[in-house]
Each structure stands twice: as structure tokens, then as C-alpha cells.
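Shared between the two complexes below is chain A, which pairs with chain B and chain C, respectively.
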Partner chain A sequence: MPTGQETLTRPATERRAPARRKTPATTGRDRTHPMWFLAPAFAILFVFFFLPTLFNFIYAFTDWSSFKSDIRPVGLENFTSLLSDGTLFGALRITLLYAALVALFQNLFGFGLAVLLEKDTRLNRAARLIFLIPVLMSALAVGYVFQALLKPDGSLNDLLSALTGQQVSIAWLGSTTWTLVLAAIIHAWKWMGLSMLIYLAGLKTIPEDVTEAAHIDGASPWQAFWSIRFPLLAPAVTFNVATALLGSMNGFDIVQALTGGGPARSTEILNIFIYRTFGQGLFAQATTMSLVLFLMVALLAFPVIRLLRKREEIL
Partner chain B sequence: MKLVPRVAAAATLLLALAACSDPSAGPAAPAADDTPAAWPSPTARLDGVTLTIWAAQNSNTVPKAVTDAFTQATGAKVEVVTIPDPYEQGVQTKVATGDKPDLAFWQPTASMLTALNARANLQPLDGAPWISSLSPELRDMTGLLDKTRYAALITSPAVEGVYYNKKVFAANGISEIPKNFDDMVEVARTLKGKGVTPFFEMAGDKWATQWWVQVQLADAAKTGLWDRINTGKETFQDATVLEAIKKYKALIDEGLFNADIKTATFEDQGQALLSGKAAMVMQVNSFFGQLQAKAGTAELDETIGFFPISPSGNVGTFIPDQSNALVAFRTGDPKREAAARQLLAYWMGPGYAAFVTDRKTISLRTDVPSPDGVPQALLDAHASLRTAVGSMQALAVANPDLYLNLADMITGSLTPEQVAAATQKQFAQLAKAAGASGF
Partner chain C sequence: MTVPSYGPTTHRRTPPPRPRGLAARLRPIAVIALVVLVMGVPLWLVVVTAGKSQAEALSPDLSLPTRWQLWQNLAQVWQQGEVPAALLGSLLVVAPSVALVLTLGSMASWVLARRATRLNAVLYALAISGIVLPPAVVTIVLLLRQLGLAGSPLGMIGVYTGIYMSTVIFFVTGFVRSVPIALEEAARMDGAGPVRVFVSVILPLLRPVLATATILICLYVWNDVFYAFFVIGGRLDTLPLNLFQVANAGLYLDNWHLIFAYIILMSLPLLVVFAVAQRRIISGITGGAVK
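Showing the complex of A and B:
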């Protein structure tokens, strides 16, 4: 399959390489825009991202609180007291579990939808639009809407009561085991439209002749899909898994609106824990926790992205 | 060519580091001038002055009538800004970033005044003209931090006690209110024997769980429990507090509470007591506020009663809350600071009679009568203040999340010992941050 083989190589990398080589030469007058055009963007990035991150590092080593005006350095005290406390590890475990569940569900839903709605029919276009609406919704609104639906006297139980003909009053958000899973599913529901869009784009870029060639070689539609088209989606998988995993590690709004960390703190992800600590006026301790979260996201991001990138190399 | 950006970067970094101080420290060098400020005449003209009051969702309608009258009398404009719940967290965060109103509703206890860094952020209200007109027991009950007054009490401070359904008591032959905690438990057992749910608790909304432990500590509080805890001489893990937690758990395990205790909410609690589904509820004044939204004064007087309770007798535990008091901020603008004091002087002075009539609330001034139409249960709660002792919130130097831990105990994820340990740990952390010695 000479034609197929050609498309399967990654032309992008080849095209990128010469561009990189050219870079030193473009520093002269032939640039289209002067470098200082970057200044406003960098100024904003500096003030709203680099400075807070820097302060995050500094305040974590102080005793900053709402109780007094002076801020004194305390060394590693905040870290040692945090590490000796089981609550932090509990929150970390819940955060990781939540992130993994969100990544799983969001990609399952998004992938399923993308495959279902791949053909450009009028109905499919309308359906894609509808599934994209949750992405545009406010996360807090999503949390509150589902909280109202899942209450013991909420609409879901009303519906079940009407269908079964008997009073149903399940406390959907009352289980200390399953509420986290439900929260992850709701988070995934909100963002599945985005994953769908990226998978759709991935599916659209696969040239038809590749699948056609597979059919000619006698592959069944099932084989053609899982052995030819699915591997070619690897870059979309990388992006979707990485954004879902890392985005949900920083999650707060949906869970806060849905459960506020309950029941019995079984859904208290790290950001809710940080929020609670900050609210008590223990600013330095909250900052230390957010530094821990930052480090954890960074530590997790590199191996995950490398692993997913490795998958792409087979292309 | 490369040097310039590097120098610029280094300079910005230095600037950034120099800026690394608490913005709420503010320009007004506080601490030194704790001399009582002058109190302007309540009705002096204030044309062109705009005052801001921060209020919570449950207190933002309280000032309306009084501030309207103040505007009419003085020409000052008053804006009430609602800070979304959780109110205290929102206010603390805003103040930490340097954002301050002129006045705000605030829990007037020492621990919450500390949490706001009162010495640096709040105006001392010593020498306030209305203090001498307050009922004697209320004058120095709360609002003080290290003998300096920082908060003005405007309404009757909340009391922890038992709200009960009079009809349920009567129907089951209980003619006298329980005389002490054990007596109350006996009454509960009698009621349970007759198929009535004796107590209703709301662990779904969590926050009321702490009252059960606190009322059991009333006698110990009288003999200095919180002083000992504040100085690290006693802890939540020692017998006094731990036994109270264990007793609460034992009563729940005995089946004296509603079956849906784990998920029941504040709303459910009000519904249950009013309808007679449950006989008693351990609560504070805001619970009665909920009942008032559901029923009129006549019906409430007929159905709902209140009695304070402690191990040794009918002693209430007071817990002034955010809607009971106001604090005035140091904004750095002397004119507005004086205007804020003037509004307080007007509110608690010439404007007070109209205020209590508008809010149908109990008057704290001896020379202003309480309006008609205040339900009996509220009057009883207010009357219990004369002998009431302070709650954890009122007397401890820090306010740990005891209620959260207790709610976790009710859902089964913590034991009483773990509740005590977690609460003590957090208490020590907060007390240390607040600068208490012994931690």
C-alpha cells in the first residue's frame, strides 16, 4: 500500500524541521512584526500568571493569615504540618481518582458521540450542536442543576416514581462511595462536547483512501475501524486525555455546587479543601496546598503526555 | 542589547518581592491610636458622603428602613452590598486583598473579630453613646476583643436551646418542660415509647450538629472550660468535650433522632417541628426565623415553645451571630470613618425605635419597648440571656469546624475520638495563627 504508507508517516514533523532550522535567519529585518508586539501579551501573562505563581511559592513559606498584618517566614513548617496531616493525602487521593474518572468518562462519551455523529447529515449537525451546549454552560450552573435533579425529592426520583408507580426517594448524592463517580460523570457530561469535537476533527482528517484500501485488502468494517482509523486518532486521544485529566485535577466549581465536598468529605477534592482552609483565614496553609497541587499537576503532566506521545510514534 | 531586558526583569522581580506584604495592613498606621474616637451627633449633615454596608443573604434586608431614615436625616447615601454565602469566607478574602466597606455585619465574638484582624482593620467603638442605654447584661456580653469594643450589637444575640412542639408535648401528657439535660432525655424516651420522633437533627446541612455538644458544655463553660482550652491546658480530646460528643452519639444510636438524620436539611427540620412530626429541635434563633417564614405569630405562639437546657438546669448557651452585630472598618478616610460611626450612633440611638418596630424584633435598649407581635419563643430565648453562658464561638480564641466533624460522625466516617482529635488539631492550628500562647 504505497499510498497508505505515505499518509501514515507524519508529514508534520518533517515540515516543522526545516522551519526550525530557518529560525536564526529570520531574526533580521524580514520579520513581519517587531518583537515588542509581544509585550502587551507578556505583560498580562506576567501580572496574572507569573507573579501569582511566584507569590504562591513565596507565601507557602510564611505564616500569612487573616489574623495579623505582618507576614513572617516560617521555613518548611507549613509543609511539615501538612504532610503530618492525613487530610491532605485524603484530598490528594480523591483528586487523583476524580481526575482519572473524568478522563475516562469524558473520553468514552466524547469518542462515542464523535463516532455516532460522524456523518454530515442535517440531524447529526443539529445533534452535535446540542451536545456542545453544556460546554458553554457555566460550571456552577451545571452543578446546581444536577444537585436539584438528584435530590431525594428531585426530578429524577419524581420521574422514577411516575414510571414505577411507587414512591422513589433515593439520595443519589448521599453515598460516600458513588457520589464521587457521579460527580465525575457530570463533569464528563459537561465537557464531552469538546472531546467530541476534537475526535470528530481527528476522524475527518483520516483520508478516505486509507479505509478504502483496508476494505480492498479484505478488512471487516470492525477491523478497519479499530486497526486503521482508531490508531490514527492517537493525537486526538493525547490532547483529550491530557486536557481532561489535568483540567479535572484543577476542578472545583462543579463539585462545589453539586456536593460542597460531601457526603462526609468523600468528594472533597483538593481545591475544595484549599478553599475551606483559605476561608478560615489560614492563607499561608492554603497557599502551601495549592503549591502542592501545582507540583502534583506538573509531575503528572509530563509522564502522561510523554506516554501518550509515545503512542503516536507508531504512526 | 540583552542587558536591558535582563535589568528590567530583575527590577520587576525586586518590585514584586517588595510588594510582598499584606495589603490589608493598609496605609492608616493602626495599633497606635486606640484612643476612643469622637462620636458625631447622630443627625449632623453628611451631604455628599456615601457609605457602604456589607451584608449576607440573610441580613441584607435588615438595614433598609434604618438607612432610609438616616439618608433622610443626614443626606448621606448608604449602599447595602450583598456578599454571597459563605459570607465570612467572602469577607475575609476581600479584606485580605485590601477591599473594605465602611460597615459590615459580623459575628461579634472574639474569635471572629480576631479572624478579621480587628486591631488593624476595625475602628474601636469605645465610648459609644448608646452603650449606657443597653440592658446591663448585654453591654459587655460580646463585641469585645482584649477589652476594646469593635462591634455594635443591634439585635438580640442568638441562644442555643430547645424549640419544642407544644401540641406534641400536650398530646403525650408532658405538662412541664424538662428541668435539665437528663430530664430531657427521659422525656424523649417517653415520647419514643409513644411512637413520636423525639429529636430532629439536620446532618445533611451539618452546621446545627454542634449545638448538641455545646449545650452539654454549658456548666463546664461557666467554670472556665474555654479559658483552659484557649491556653492549651485542656483539649477537645480530654474527658469534658469527648464525653459530650460520645453522649450525642449514644443518643443517636439509641434511636432518639429522626431516621433520615444523615441527609435531613435545615428546611426539613423546620417542617418536621412545625407539623409535629418531631417533638424537639436543638437550635438557635435563625431556626425560628425559618418558622416565621412558614407561619404567623399567632400560630407559632400556639405551637412552638422554647426552653434553654444544660446538664444542671435551664441555662442557655449564647452564640451571637453575623446578623446580630455590625463592625466599622478603618478605611483610611477620616470623613467616612466618622460618618460610619455616626450611622451606628443613629441606628442605636434616635433610629432604634423605628428599627425594632420595622423588624419586629426585641429591643436591646431599656428605654425603647419591644414592639408588639414578637413571638413568645423569641421573647423566651431573649429572657434566657440573663443567665446564659458563652458558646465555643463566643469564648474560644478560634472557631474550628466542630460541626463538620460531628456531621462526619453521624454519617459514620469518624468515631467520637476522631472527631475530638480532628477538632483539636484544627483548633491548635487556628489558635497558633491567631497568635495565642501555648500553641
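Showing the complex of A and C:
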């Protein structure tokens, strides 16, 4: 049976605090670290984050729209209608595919750049800075730039024409299959500088003697890299994959500016659907999709949060 | 996650003497080629198109404009895109949001880190859940209407503060845990109350992590268009919202030179800040991520 004090204190963190004090830890802490310091932050979190989330669970089951003033409960109607016309699973599939592709490309690009630019030469340092420019740019702007670049009469086709010697006019953004992949690549292009920085920082933390020892033991540079240094990058991989996955599931700007969800809604990720239906005044449908996004991320995020917190406790 | 750095970390890098093979000599060439192709082409497209006349920019390509008119285009965008109003709107939202989220977040983080009760463990888990969970954008609008804050800068500030509070609490709590408590106790012996201890002992120590958080949140809020679209809904100009509107409106249809001029104008403030403080920004971003 736990006593009252044990339920209030966590033994793991007690080590830092003077645990063996005579007075109960909490009363002393009330004077030195009063709980009211939490109040403003949690008030804001409650009003602007938790309450709307709670509302999601209510209004997804109503007929809230801009066409009438009263809001009535309709049960599961929103879900069944989104399920029956295939919109729900379509948008879910597109969003998950997009997120997975972004995580893949962003990490491939970022990792490649980090390895290429690892040495601290002047050229490499300048190149790193240049690869960071897209990170600072607005995602919307990135979308417009690539929309212009990938037009059928755009610059990419011009470049390819010049290289191959024949007229190339591929409608890059017109494929219902490949445009989503392209959008993911562009998303990865915007954020690869950040992944690169994190991989570079990860590479820097590996002591020089570890690789040197491998050399002395007769490992080839290739072997030394993949079996010694790469496994030591695990924390950076975790962080990059998690942020890329979660960031792109919540994406909007790039795809909206690039394709607006087209062609034939093949790139309509959840947030674009929410934006579109909200604009049409179908608030309940938008709320329903918002709830679906929330549930999907929550389901996938639990392992991620656990992972991050576990790592944090190790630190 | 968060790695404290009380001083500049020094890297002792002595590369082992290795014969410079063909691969080593080709590497700089590969770097330059990659930069030119992957970064140079899109950025070049932006600059040359922003310098063209409307007729020339109709189908944007990489050719140089026959006559540079970058300044005229920038001036035209400045007026038609209502850049001064949008700049003011952006600043009006970004500055208070960042100040508020950092102050309130640090206060909460300090107590969360120092009082390790079970209740606080639950509160901490709740507080950082917003890092991954997406905000409920649609019902936020409803809530703001009920509060009378819909479309107002105040509502937008509240929403951004709520969204990024989790990030701040996560970063700062981890950092506070690594600050020795003896520093606080010394001040307390001298008779300082909790507010005094927080303001004059803790806050100065938090500088590195607050710098990182400031950079990240400024980046997100300055460029955000999704949340602003729902919350503000056209009643306040911000830079990304105006870019979105002008690019969608008939006014700018096929006006790539103006869109790209707008993009240049909008990106300049962040690029200038980056150019001035790049070293600090880079170490700030990476400092938090990897151990």
C-alpha cells in the first residue's frame, strides 16, 4: 500500500531533490516553487488547445454549417457519409502515404548532405548555409516556386530539353500517381537542410578515435561508416523521422500552393480537405476530418512520445 | 532531448593524414554541382522572374530578363499586396505570441521541473502533448466566436501561444532539470521569494534554450498561413496570408513576376536575421536535437 507521500513524489526524480528532509517535500516546495506559476500557461493551453480539441469530439456529431443558424446532433451521419463516398479512407491513405514519403526523402536527402558536407572546409560551410535557405522560406512560397518550375512549359522541361536535345514537355503536376510523390520530394527539399544539420550534429558527437580504432582494426572506410558510425547516429534518425512524419501529417502550405489538392484530388491531404470543406461552409464535415486527423496522429504519436520521453530520461 | 550548453563547445578535430584519392578531389566539384542544381535553379528562377516584365514572366524560365525591373515590381507589390499593412499585421501577431509563449512557458517549466510530484508528471505529459497532436483548427473558430475574439489579433495570439506552448515547455523543462538547484538555493538564503528567484536567477540561465525556442517559433509563426486562414479569415493582413490571397486572386493570375517579387519581399526579413545570426541559429537548432 503506498502511503500518501509516496503517491505524491516520484522516486526516480527524488534523487536530485533533498529527499530525506524532515518536512514533507511538497510544503517546502509550495513556498519555493508555487504551483500558481503553472496557472497562466495551463489557462492558455486549456482555452486555446484542449477546449477546441474537446469541441472536436462534440461538433463532429452535429450538422453545424454556415447555411443555418442552429446546430443539432446527427449522430454518426458525418462519418457514414464520408465513409460511404470513400473520402475518408482516400484522404487518410493520401495523408499517410505523403507523410511516409516525406519522412523517407527528407532523411535520405538530409543524411546524404550531412555525409557529403561533413568536413569543415570553407566550401562545405557555405554550402550548408545555402541548403538552409529553404528552411527559412515560407512553405507557401516554396510551393509556388516549384509550381512555376514544373509547369509543362516550365524550366525543368526546358533544362531537360536542352540536355536531351529533344522537346520535353512532361506535365509533372498532372499525374494522379506521381504528383503526390513530387509534392513529398518538394516538402523534403524544403526541410532537408534541417535534417542535414541534425545529422551533422550527430556525426560530430561520434569521437574521432572510434573511427580510428576501426581503421587500425583493418576496416575499410565503407565498413567503418556503416557498421560503426551509422548505428551511433540512431538518436538523430529517431528525431528526424519523428519530426518529418508528424510535420508532414499536419502539412498544408506546400501542397496547397503546388497543386491545391489536384489533379482529381489525388494530392488532397487531410488539411487541404479541411480547408476546402470549411471554405464551402460545411463546418461539421471539416470538424469530422479534423477529428480523424487528431485520432490518426494520436494513435501514431503515442509510440513517438514514449520514445522521446524515454530518451529524455536517459539524458 | 535538450542539451544545455553553458559555453561554446569546442571541437577538437585533427583529421588523420589520409592520401587524397580521386573521390576526395571530386568531392568539392560534386558539392558545387549539387548546390547549383538543387538550390541554384529554384532560387535563380525566383530572382530572374521577379525582375521581368509581365509579358516576359508569363511562362517563367531561367533566362535573364531583357530589362531588369526588379525595383518596379517590388514597388508594385508593395502597394498592391498591401505589404506595409501585412508587415504590421505579421509583427503585431508574431512579437506578442513569442513573448507570451516564452514567458508563460518558462514559468510553468520551472515549477514542472522542480516539483516532481505525480500530479506534475501528468500535467507535464498533458502540456507537451501539443508537440505532436494537431490543433483543432475548425472548432477554434467556433470558440473564438463565442469569446468574441474571432478575426482579432488577440485571438490569433492566443491560438499561436496555445499551439507552441508545448514546444516551449518541452525544451525549457528539460533544460531546467540540468540547472543545478544550488544556484536557486543561494538566492533563497539571501531572502529572495519565488518570483525574484525566477526572474533574476532562472531566466538569465535559460538564455540559450530561450534563444533556440524564439528562433523556431518565429520561423513557424512568421510563415504560417494555415491557422491564420481559419482564425483571421481575411480580417487582418499578414504577409503569408496576403501572398496566398494575391496568388489566388485573379489580380495576380499569370503574374508570376509579382508573386516572386512578393516572395522575395516576404523572405527578406528572415534571411537578413539568418545572415546576421547564422552561427547562433545553427547551434541553437542542433543543440536541442541530438546528444
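Going forward, the second predicted complex is superposed on the first by the 258 of 315 C-alpha atoms of A that agree within 3 Å, B and C clash if a C-alpha of one lies under 4 Å from a C-alpha of the other, contacts with A are read in each partner's own complex, and residues count from 1 in each chain.
What we mean here is this: a contact is a pair of C-beta atoms (placed from the backbone, for glycine too) under 8 Å apart; a residue touches a chain by one contact, two chains touch by 3 or more.
From a predicted model like this one, the values you see are computed outputs, not experimental measurements.
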Thinking of the overlay built on chain A, is A:R31 touched by chain B (first), by chain C (second), by both, or by neither? second
For A:L51, using the defined touch cut-off, is the partner it touches chain B, chain C, both, or neither? Pick first, second, both or neither. both
Answer with first, second, both or neither: which of chain B and chain C does A:L108 touch in the superposed model? neither
Which partner does A:N250 contact after superposing on A: first (chain B), second (chain C), both, neither? second
Which of chain B and chain C A:K68 touches, first, second, both or neither: first
Name the contact category of A:G174: first (chain B only), second (chain C only), both, or neither. first
Based on the superposed arrangement, let me know which partner A:A264 touches: chain B (first), chain C (second), both, or neither? first
Once chain A of both complexes is superposed, is A:F283 in touch with chain B (first), chain C (second), both, or neither? both
On the superposed three-chain arrangement, identify whether chain B or chain C touches more chain A residues. C
So the chain A residues that chain B and chain C both touch are 51, 55, 59, 64, 275, 278, 283
Within their complex, chain B touches chain A through residues 12-13, 16-17, 20-22, 24-25, 30, 86, 88-89, 92-93, 95-96, 114-117, 120, 206, 262-263, 401, 404, 407-408, 411-414, 425, 429-430, 433-435
Which positions of chain A touch chain B when the two form their complex? 46, 51, 54-55, 58-59, 63-71, 81, 85, 152, 171, 174, 176, 262-266, 275-276, 278-283, 285
Where on chain C is chain A touching in the complex? 1-3, 11, 13-16, 27-28, 30-32, 34-35, 38-39, 41-43, 45-46, 49, 59-62, 100, 104-105, 107-108, 110-112, 114-119, 121, 123, 126-140, 142-143, 147, 158-159, 161-163, 165-166, 169, 174, 177, 181, 184, 188, 194, 197-198, 219, 222-223, 225-226, 229-230, 239-240, 243-244, 247, 256, 259-260, 263, 266-267, 270-271, 274, 278, 282, 285-287, 289-291
Sites on chain A touched by chain C in the complex: 7-10, 12-14, 16-17, 26, 29, 31-35, 37-38, 40-42, 44-45, 47-53, 55-56, 59, 64, 116-117, 119-121, 123-124, 127-141, 144-146, 148-149, 151, 153-155, 158-159, 189, 194, 197-198, 200-202, 204-205, 208, 212, 215, 235-236, 239, 246, 249-250, 252-253, 257, 271, 274-275, 278, 283, 286-287, 290-291, 293-294, 297-298, 301, 304-305, 308, 311-312, 315
